[in-house]
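The two complexes that follow have subunit A in common; it is paired with subunit B in the first and with subunit C in the second.
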Partner chain A sequence: MTELALVDVLALSAVLLGVGLFGILTRRNFILLLIAIEVAMNAAILNFVAFAAFGGTPAAVSGQAIAVVLVGLAATEVAVGLAIVLALNRLRGSINVAEAVQLRL
Partner chain B sequence: MSPEDLVFLGVAGVAVVTALLALLVRELVHTIMWVAIFFVDLAIIYFLLEAPFLGVLQLGVYAGAVTILLFFGVMVTRKRIFSREAATGIGPYPLGLALLAIVLVATAGSSIPGGDLPIRSIAPATLSTTLFGVDGGWLLLLGLTMMSALAGAIYLVREGRDE
Partner chain C sequence: MSGLDALLPYAFVVPLLPAIAFVVIGLAGTRLKALEWGGWIAVACAGAAMVLGVLIAVAEMLGPGQYVDRSFVWFQLPAGSSSIFPQGFALVMGTLVDPLSALMLIVVTVVGFLVLLYSIGYMHHDRGLPRYYAELSLFLTSMIGLVLADNLLEFFLFWELVGVCSYFLIGFYYERPAAASAAKEAFLVTRIGDVLFLLGIFLYFAAYALVGPGGGWAASGFKFTNGDQPFLGALVGQAQSPMLTIAGLMMLAGAAGKSAQFPLDVWLPDAMEGPTTVSALIHAATMVAAGVYLLAVVAVFIGFTPDDQLAIVAIGGFTTFYAATMAVVHTDIKRVIAYSTVSQLGYMVLAVGAGFAMVGLYHLFTHAFFKALLFLAAGSVIHAVGTQEMFRMGGLGRTMRVTSVAFLIGGIALSGILPIGGFWSKDDVLAVVVNAAGSHPLYWPFAILAFGAVFLTAYYIFRAWFLTFSGDRPRDATLPAAHEGPWVMQVPLVVLSGLAIGGALLVFVPSFASLLHVPAGGGGVPPVFSTADALVSAVSVGLGVAGFGLAYVLWGNGRVFALPASSPAQGVRTVLLRRYYVKDAFDAVGLRGMYGLSRAADFVDRFVLDGAVRGMERLFAATSDRLRRLQSGVVSDYAAYVVTGLVGLLLLVLFIGPYLVGAIGGG
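And now, the complex of A and B:
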């Protein structure tokens, strides 16, 4: 049976969340923003898988089930995000989020 | 330190480096290639954590579908695919270091057991039984979300097309 330290996996997940947040806060290109959100989302999924791997049986199965649902949600989010990218590109001719100011007061 | 620990540390290092490179390189196509390696790397971690179904799902959905979608996004929005992004300057790096410090302090201050623990393996059959049984509501919710997202995406892409 494989043995790993739970804290190692959680630390990796926390660092990946930090990297994702860094990308979300600093990048202005919509596709890069989507990628940063995906990195942060993967960190969350990794957390669920880690607790599923080290938890008891009901927690383990539910953790993996929630992770499967989250993978589906993340894929959906990318599809909608890219539809927004296409709409933004047609409206403004650019996918820089700093230039998308139509909804600002 | 056991061989599994070494493998995990190596794979985790690659994951962090590829995620950082994906967000720091200036060409969008290179970004997508780095992020594809990151997704494959995470799939290896899922296999290490004895979640084979999720590993395969990660390879199919993320490393496959999401990567190709992102490539399409770049292809249809750029005149030249290999055009560079503007450099971000020194600005973001103090923020990144501050975020890393917060993460390290939060991890060091936690009371999570530090030693190696046995990993519980779950057969894909058990997982699918749960997905369609106990957690069936979640799957239904995911299906409804996907359908509404599909309708929304079609509306967004078709908006203004008839003008």
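And now, the complex of A and C:
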């Protein structure tokens, strides 16, 4: 078993980003869209953690700290997103983003 | 010199007097009801102008040959300030009193005053009278200004004012389509001449403004006189450059437009659509006189080349005969007189072309009085019976004795039968032309045409008189009973009769006669009466009497001569009635040519210009239609654009960026 290297983690992060982007571009269901955004965002958080773990000492703590902040931010973002989903569902009776093309009430 | 000389520098007041009437009537307009809607103001101002004008003319005539120039510089570039005019440039407004303008001043102010006075009666029942009197006053102002102008630019300014006034007045009854179109025709046809005249002015400027014998003409404001000498007067008849010949021909074209010479004569007979008073003024004193006066002024002050003179003689001589033939067949009383004007103007042009400008103006002077008389007499007839068709009239001499006698005097004066009016001046014209033809054989055909026209003139004018006034009763019984007009209409007839008889006696004033036969550019003074002249007089009077005799035989005592339908002369008659198809030719060129040109312009406008505009419009519409589809509103699409843009930026930074930096040679 080989040692886990920075490049492996970055590769995983790239895959996550790719999966997330694929979801964002193809999904029409708002909830699935939110999930895809989460996946893509976690790719970024993973990068912070990876650079903090493998990089030099001074950056280590700040990288971990930013990761924690970003997790919190992701949670709030999902909360806002779900609120929009509820509102959309109430207004249009559907959460298909392809139908909400007017971008206004 | 007499005390009247003190008046000469104040000549500028003369054109201002009718200008006052123009402004007052133009502004006050319909509020002047008590004064015949301003008519009496116009008459008063014209009367004052007449008194002053005649006094100034008399002062000039008593001291002949003097040039009294009073001018102010309107605008000046000093020498050296402009590279185009190294000797400087000036625009001058001023008045020049000389023998030519003095003679014209009498004609314009006297006829103008009498026509305005006559208008009070003639136009009494018309609408739009403030407009009429204001325009007539402006017409008079412009013509007096033109006569007194002391430089070419000022001359052109008033020339154009005269043109536009004639447009207004010929189209006075603008609600009648015929009048509106006659006004346009007059304006457009004279405009052809005006444009060429302007080109001629440019050519003179090119010839004289900087170099040549008149070098520095631009600095003196293009004035006709140089101190007390005519500008270039000494060079008249000697200059031979092609450019000067062309410039002279342009002057002839301008004069032909204004004075209705062949082939620009078509507008004058149609201008009969205006009120008869306006016809009288246009035909006698203003407008058509301007063309002859232009030729005279150029002949005396600037000079024509011998080729120009031949062209002028040709146009004038041909027009006398050409117009007289048309007058022979027409049956509208005003049209006959109109053709006679064209024909008589031909005599004046002929005399100027032969080198005797003063003789041309002398004929203009006598012609103005008897032509105004004929028109006002015709107007009196039209006023009485309400038609211009001579075949419906007849026997009017019984009820309209004053008019009948006035028309007869005008007719005798026109046909040049001893001893009334036109005899002296027309004879003088013929005499100087025959004289000039002695040294220029090419003048002979035109001199002979002019003699032929004498016969035709007497025939057509007495035909008109017999048709209108002789016989027992009108041929058309439905005509209203004729009656003479009010005193304001009869007085001008009587005064003009007197002037038609006596005006020509000016030739017996020694100081005038001594000017008459001075060829332009100086030279010998032929005697007023010589044996050759006596022969010319005998021939012309003989021809005139023969014309009268033929008219009496065919039309006298109410007879009506009908050309047999099978006569070969019917073809000639048709050609004459169709006016030699000149107008038709103009129409063909004007309508077809202009129509084709308009079609081409329309095509360019519709498909090239509009096409370009519409093409741009379509391009933008199509582009935006395609771009619009990008804005679908679907969030995933926007995400896709963001990703695409991001990837594009990355590619740029990673691959193309370094290449660019390397290519520029940085870092």
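What to note about this one:
Here is the rule we use: the second predicted complex is superposed on the first by the 100 of 105 C-alpha atoms of A that agree within 3 Å, B and C clash if a C-alpha of one lies under 4 Å from a C-alpha of the other, contacts with A are read in each partner's own complex, and residues count from 1 in each chain.
Note that a residue touches a chain if its C-beta (ideal position, glycine included) is under 8 Å from a C-beta of that chain, and two chains touch if they have at least 3 such contacts.
A quick note: this is a predicted structure, and the numbers were derived from the prediction, not measured.
Subunit B and subunit C, once both complexes are superposed via subunit A, fit side by side. Of the two partner chains placed around the shared chain by superposition, subunit B is the only one that A:L16 touches, whereas subunit C remains out of contact. When the two complexes are overlaid on their common chain A, residue A:L25 makes contact with subunit B and with subunit C alike. Subunit A has more of its residues touched by B than by the other of subunit B and subunit C. Contacts of A:A98 after superposition: subunit C is touched, whereas subunit B is not reached.
No C-alpha atom of subunit B lies closer than 9 Å to any C-alpha atom of subunit C in the overlay. In the superposition on chain A, the residues of subunit A contacting both subunit B and subunit C are 21, 25-27. By the touch rule above, subunit B contacts subunit A in their complex via residues 2, 4-5, 8-9, 12, 15-16, 19-20, 22-23, 28, 31-32, 35, 38-39, 42, 45-46, 48-51, 53-54, 57-58, 61-62, 65-66, 69-70, 72-74, 76-77, 85, 88, 91-92, 95-96, 99-100, 102-103, 106-107, 110, 112-122, 126-127, 130-131, 134-135, 138-139, 141-142, 145-146, 149-150, 152-154, 156-157, 159-160.
Against subunit C, the residues of subunit A that register as touching in their complex are 21, 24-28, 33, 97-98, 100-103. Of all residues in subunit A, those touching subunit B in their complex are 1-12, 14-23, 25-27, 29, 31-32, 34-36, 38-39, 42, 45-46, 49-50, 52-57, 60-62, 64-69, 71-80, 82-87, 89-91, 95.
The touching residues of subunit C, when paired with subunit A in their complex, are 632-636, 639-640, 643.
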